[in-house]
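Below you'll find a set of structures to go through.
Two complexes are shown next, each including subunit A; its partner changes from subunit B in the first to subunit C in the second.
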Partner chain A sequence: MTSVIGSRAVREDAWGKVFGQAKYPADVNLPGQIYGVVLRSPHPHARIRRLDVRKARELTGVAAVLTASDVPHNSHGVLFRDQPVLVSERIRMVGDPLVAVAAESPETAREAARLVEIEYELLPALFNPEEAMRPGAPALHPEVHGESNVLYHLPVVKGDLAKGWASADVVVEQDYSTQMVDHAFLQPEAVLAQVDERGHLVVQAATQYPHYDRGEIAHALGIKVSRVQVKTLSVGGSFGGREDISLQLVAALLAYRTLRPVKMENSREESFYSHCKRHPMTMHYKTGATREGKLVAMEARIVGDAGAYASWSPNILRKAAIHATGPYEIPNLRVDSYAVFTNNPWTGAMRGFGAAQPVLAYESQMELLAKKLKISPVEIRLRNMFRTGSTTATGQALTGSVGLEECLQKVAPFLWKEGDRE
Partner chain B sequence: MVELELTVNEKTYKLEIEPDERLIDVLRRRLGFTGTKEGCGEGECGACTVILDGRTVNSCLVLGVQAHGRKIITIEGVGDRRRPHPVQRAFVEEGAVQCGYCTPGMVLSAKALLDKNSDPSPQEIGVAMSGNLCRCTGYDKILRAVQRAAREVSGK
Partner chain C sequence: MKKRGTGLSCTWYGTGYGNGFPDVSSAFVEIHDDGTATVLTGAVDVGQGSSTVFAQIMAEELGLNPEDILVCSGDTDVTPDSGTTAATRQTYNTGNAVLKAVRQAKLRLQEFAARKFSCPSPEGIEFKEGMIGVRGDPSRSMPLSELVWEARLLHGERFISAASFTAQTTPVSLENGQGAPYWPYAFGCQAAEVEVDTETGTVRVLKIVAAHDLGRAVNLTQAEGQIAGGVAQGVGYALLEEVELTEGRIKNPAFAKYLIPTALDVPEIESMIVEEPEDTGPYGAKGLGEPAMLPTVAAIINAIDAAVGVRITALPATPEKILAALAEKERGGSGD
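Moving on, here comes the complex of A and B:
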C-alpha cells in the first residue's frame, strides 16, 4: 500500500501555470464579443430619484444600457436573496451596482457609463454596528430582514456563571476590535458570457461556487437552471472573496439581452468595490481564573459588522461564537455573538470564516491573566488547553486526537524565552 | 494610430497601435500573449512583468510605443513542457505555484536575475523578487525555488 503522507505531490495544474498557459477568465475571448462595465454608487446610503440612460444609449458603439427594470428577478445572495443585481431604488453601500453597460470596446462602455444621469436623495448612513443595532435606528432591510438591523444573534451558554465568578481570584476585562480587510486576490474578477448554439447561457468565470452561480443566474434571468452552464476557469486566488456571485450575473444579463458574447474585466479599484470584505468585529471580554491559573468564567460579547448585505454573516458570527473561548476549557460562560447591518461594504467569507478575529481577544486575555497571576504564558495555556476528553463551550466532546499540548511544547521555545514572565 | 515594430520572443511584429496604448494591452489584446497578467494596473503587483532588453519592467507602466525597436521576452518565450527553464521546474517541484496568477511574472523576474547573476545571495534574490506580489504562498517556497534554480544554473 502506498501512503501519500511523506510523499511529494506535484500540483496538477502547476506546469500549465509556469508556462503561462493556464487560462483565467480575462484570457478567453470570443469573436464578436462586446465589453461590459458596471456603474456603481458613490454614496453609502441614498435613494435614486431619477435615472436617465438616454444619452448613454445614444452613444455610437453602445449595445445595451440596462437598469433594474431589465432584471426579471432582481435579487441574489448565498443565504438570503437580499442583494439586488442592479439597484432599483435604495442604495445601501458605496459600490452598489446601478447600471450595466455593454459596448463594442471597453473604452466606449466606460464613456457611456459616464453619460448616465442620476439624481440621488442622500440618506444618513449607519457606519457603526453599535449604533445600527439600537432600537429606532433606520432599518436597512425592512423587506427581507424586518425592522431590526440585527441580522443574527447567537447566545452560547454553559455552566453556572454566578458560581464561576464567585470562584475567580483574578478577572481581566477588556475591549478588542479588528478591522475590515480585503482579500486582494491577485486576479481581479473577469467573466465571459455567451448564449451558445443550443440557446444555453454559458458563463466562464473564476468562482469558488459554480453550482450556486448557476442557480443565481437562472433565478435572476427567470430561465431554467438546465439552460445555464457555468465553467470555472483558473481561479487567481479567492480566499473566500469569490463565494458570493459577482460580475457573472451582470455579464449573463447583458449576453442574454444582446445575444452577443460579453466580456467583463474589473480593474483593481472596481474589484475592491465589487466583492465582500472580512468582518470587522468588536469584542468585549471578561475572563476569570483561580489563583492556580484555572479558567473558571468568561463572558464575551462579539459584534460583527455585516455591512450592507447578509452574505455569509450568520455563519461567520456563529463560528466566531463557537471559537470564542479559543482552545481552552472554561466551565462557566456566556457568549453573545451578533451580525449587524450597516452601510459599510458588505462582509462575507474570508480565510478563517469568523474564527480568526476572536483569536486577538482570547489570546490577549490569556497573556493578561498570566501577568496578573505571575505565571508564564506557556504555563497558563498548559493548565487550560483542550486535550483528548475535553468539552468545548458548545458541548462538543473532543474524543479524537488533540495535538495541542505537543504542538505548544514544540513551538514554545521559539515564542518565549526561559523565565519570560512579564 | 502609430506604427510599432517590436520583437517578442524572437519574432518581429509590425502593427498599428494607439499612441496611449499600454505595452500589456499590445501584448495581451493585439498579439495574444495572455500569459502576461494584469493584477493592479499601477505597477504594484508585478503580475505583468516582462523582460525588455534584458531588464524586467511592469508592462502596465510602459507605453507600447516605448517598446519600438526593442526585444521583449514574455512567459510564452521561456521553456516548454519538454525543456522547462530551471526556474519553471524549480517552481513546480518546490510547490511555489498555487493560484498561479503571479507565477509568470515571478518566473520572469527570477530568470532575469539568473541571466545576469547565476550565483545570487539570498539578499540578491530577495531584491530581484521584491517587485512581484503573491497572495497565496507566503513567498517562502518561491524564494526556495529561485535558490534551487540558481543551484542548477550555476552547477553548485
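Moving on, here comes the complex of A and C:
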C-alpha cells in the first residue's frame, strides 16, 4: 500500500500564504514602472464614429495612449479569435476595451482616459437569446461567425422517442432557468509587463494557462513565442475566469511600445467587466417514466446566452447537452442545445462548464417524477442511475470507475423519510 | 414560521477538454545529488493544490517526503506546456505526466542500483523512506542520497526525463451527438438540510452532506477543501448570486450588491470521499475540482420544496421568489 498518496501532506505553498509572503501579481513592482488603465465602452452595441486621443496624449505624465491601430494583430480568443484587443470600429458589449493608457501614476492614467473623446453611433442591441436566434435578427459577428447569431447547436438523439413516450405512465414537463453569475475570485486581475535585458517581453500574471497567454501575446504583438515569457505568480482564485486572456495583452502592448515596465490592477468594478461570466441558461424539460419508476423518454431544449464573444460557448453548450440526462440511463431522448450571441457581457468557462446548469433541471425532474409515482427520491435514482456498464445519452459505455451508487448510499441516511417532518 | 426539510441531488461530470480535443500534459523531472528531485510542469496551482499533488506523486515514487520535492509551475521560460488548469484535469492529466516522467528517471536509477547490488532486474530495486535497495534484502540497500551522489559524480549518470500524457476522448457527431466525449467521469451526491422562514422567505442552509467519487484522493485535506469550496459556491449559486443586467450593463459590479456567501452563510459540511479507482488515473485518481460544486444547488432547491412545498425553477431562490411561490400556493396554484 502506498503512504504519501492519500495522506494529508501540507500544501507546499501553505507557509507563504499563512505568513502573507506569497506574491500575487498586485504585489510585484519594478523601479520606473508606469501604470496602465483601459477605457471601456459604456454602450452595448455601437460604432465608433470618431476617436480623438490628442488631449489625453498631451496631459503631463502620460506615456502612451494606444488604440486599435497600435495593435499589430488585433484579435484573441480561446476557440475563435473573434475578440479585439482594442475595438477598432464595432462595439459589441458594455466593457469592450477601446483605448489603453499608461502614465506615471494610476491617477494620471485615469485622468487621461477621461480626456479621450469618442463619438458613438448607437446600434439596436440584442439582450434576449431567443430574440437573437430568430432568423432576420441582426448578425453580431458576420465576419467570423456568419449571418446567424446561433454560434453552436448540438442535437443529442438516442433510441425511439415515440416508443418512449408511448411506454411512459407519467410525464413531467417544466421550464427552468439559471442566472448569470460571476466567478467573484477574491483577487482582481493584476499584471506586471516589461521588456527585459534580453529584449524579451516578460509578463507576470495570475492565469490558468500561461502557455496559452504566451501564444496570444505573441500573436497580437507579432513577435516570436520564444521572445515572450509568461510567469505565473500566486493566483487568488480563478474558477474559469482566468482562461480567456485579460489585462495581460494590454499590459504587454503598453510595455512593448513604451519600453517601460507597466503595472495594471483592476478595481472590483473593472474586474466584473474584464472577464467572462457563467452562461445563463433556459431549459425546457419533459421527462417520462414507467409505473415502476424507470425513465423511458426525455426531451430537452437548452439555450445558453453566449454574450458578445464566443469564448468557450460551443464547448459549454455541448457539455450541457451531453450531461442533460443527469447520471441516469434514458433509452429514448432528444436534446437540443444552443449557444447564442447577444450584446450582454460575454460568457465562458466557470467551474462546472455547462454541466452545472442542467443539474437544476434534471434533479428537479427526478423529484417531480418521484412524487407522481409515490416512490422515494432515493428509490427513483437507484432504479435509473449509472453503474459500470451503463450507456450514456451519447452512446458512451461507462467501462471504468462509476462510484455513484456508493455516493448515494452514503448520503441517503441523512435524508428525512415520510413522516420525519414535524 | 420556520420550517425544515431535506433534499437530494446526484450529479456526474466528464473531466478533461473532451470532444476529441488533444488533451495533453507534459512534465520534466530531474533527480539531484542528494536524492531530492525537481519536477517542472506548466500546470498552474490556482489554489486547488495541484503542486502539492505533484510533489506527493514524486515523493511516492522515490520514497521521499513531499517536502524533498521542488515543484516548479507555470513559467513558460522553463516549464513545458501542461494545458489549462480547468476541466478538472490537472491531478489526472498532469499527474499522469508527472508519474510517467518520474518513473523514467527512476528506471535509470534502478538500473544503476541493480548493477551495484548484483540484482538481475531493475524491477527488484525499491525506494523506501529515503533508502534504495533490493526488495526483501536489507543488506543490499543504502541511502538514496549516497547512491545518487555516487552515480552522478563518480559515474556521470544523469537522472532526467520528460514525458507527456494524453487523455482519451472522441468527438461527438454534430448530427446526433453520439460519441465518447469525455473520460473519466466523476460522480457525486449531496443532501441538504434547510430552514425556510415562511414570513421572510429566507432560506438558511443548515447542513450539507457530500459524497464524491474522485477515484482516489491523493491528498485528503485538499479533497475536503475542494468539497467545502464547492458547497460554498453552490450555496451562492442557489440562493444569493446574480449578475443583474439592464441593457447589457451590470447593475451590481461590487460585493456590496453582488452577494457571495460569507462564513455565516456556509453550512456545516460533512464530506465523504468515495474511492472507486480509475485504472487510467495516477494511483486510481480521477478529479474533484468542478464536481464538488455541482450537486449543491439542486439539493437545496429540493430541500426547500420538502420544507414548504414550493418548487423554485428559476435561480437564485431569493426570498422574493419564495414568498411569491408561497402566496401562489396559498391561492391554490400548483406548488409544483
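What we mean here is this: the second predicted complex is superposed on the first by the 411 of 422 C-alpha atoms of A that agree within 3 Å, B and C clash if a C-alpha of one lies under 4 Å from a C-alpha of the other, contacts with A are read in each partner's own complex, and residues count from 1 in each chain.
Rule of thumb we're sticking to: a residue touches a chain if its C-beta (ideal position, glycine included) is under 8 Å from a C-beta of that chain, and two chains touch if they have at least 3 such contacts.
Being a predicted model, the structure only gives us computed values, none of them experimental.
Visitor: Answer with first, second, both or neither: which of subunit B and subunit C does A:Leu404 touch in the superposed model?
Guide: second
Visitor: Taking the superposition on A as described, I'd like to know which of subunit B and subunit C A:Pro188 touches: first, second, both or neither.
Guide: In the superposed model, A:Pro188 contacts subunit B only, not subunit C.
Visitor: Just subunit B (first), just subunit C (second), both, or neither: which does A:Thr391 touch?
Guide: neither
Visitor: Which chain, subunit B or subunit C, is in touch with more residues of subunit A?
Guide: Subunit A has more residues touched by C than by the other partner.
Visitor: For A:Val235, select first, second, both or neither according to whether it touches subunit B, subunit C, the two together, or no partner.
Guide: both
Visitor: Between subunit B (first) and subunit C (second), which does A:Thr207 come into contact with in this model arrangement: first, second, both, or neither?
Guide: The second partner, subunit C, only.
Visitor: Looking at A:Asp13 after the superposition, I want to know if it touches subunit B, subunit C, both of them or none. Which is it: first, second, both, neither?
Guide: both
Visitor: In the overlay, answer first, second, both or neither for which of subunit B and subunit C A:Tyr24 touches.
Guide: In the superposition, A:Tyr24 touches subunit B alone.
Visitor: Once the two structures are fitted together, what part of subunit A is touched by subunit B and by subunit C alike?
Guide: Overlap of subunit B and subunit C footprints on subunit A: residues 8, 10-11, 13, 184, 235-239, 268.
Visitor: Using the touch definition up top, name the residues of subunit A that touch subunit B in the complex.
Guide: 8, 10-11, 13-24, 26-27, 183-188, 234-239, 267-268
Visitor: With touch defined as at the start, can you tell me which subunit B residues reach subunit A in the complex?
Guide: 28, 33-42, 45, 47, 74-76, 78-81, 84, 88, 91-93, 95, 97-104, 107, 133-136
Visitor: List the residues on subunit A that touch subunit C in their complex, please.
Guide: 2-13, 42, 44-45, 93-95, 125, 127, 154-158, 174-182, 184, 206-212, 214, 228-232, 235-240, 242-243, 268-269, 272-273, 277, 315, 318-319, 321-323, 326-327, 335, 342-345, 349, 351-353, 355-356, 359-360, 363-364, 366-368, 371, 377-378, 381, 385-386, 393-398, 400-404, 406-408, 410-412, 414-416, 421-422
Visitor: Under the definition above, what is the set of subunit C residues touching subunit A in their complex?
Guide: Touching subunit A from subunit C are residues 4-14, 17-19, 42, 44-47, 49, 51-52, 55-57, 59-60, 65-67, 71, 73-77, 81-87, 172, 174-185, 187-191, 193, 207, 209-213, 215-222, 230, 233, 236-237, 241-243, 245, 247-250, 253-255, 258, 260, 270, 272, 274-281, 283-284, 286, 289-290, 293-295, 297-299, 301-302, 305-306, 311, 313-316, 336.
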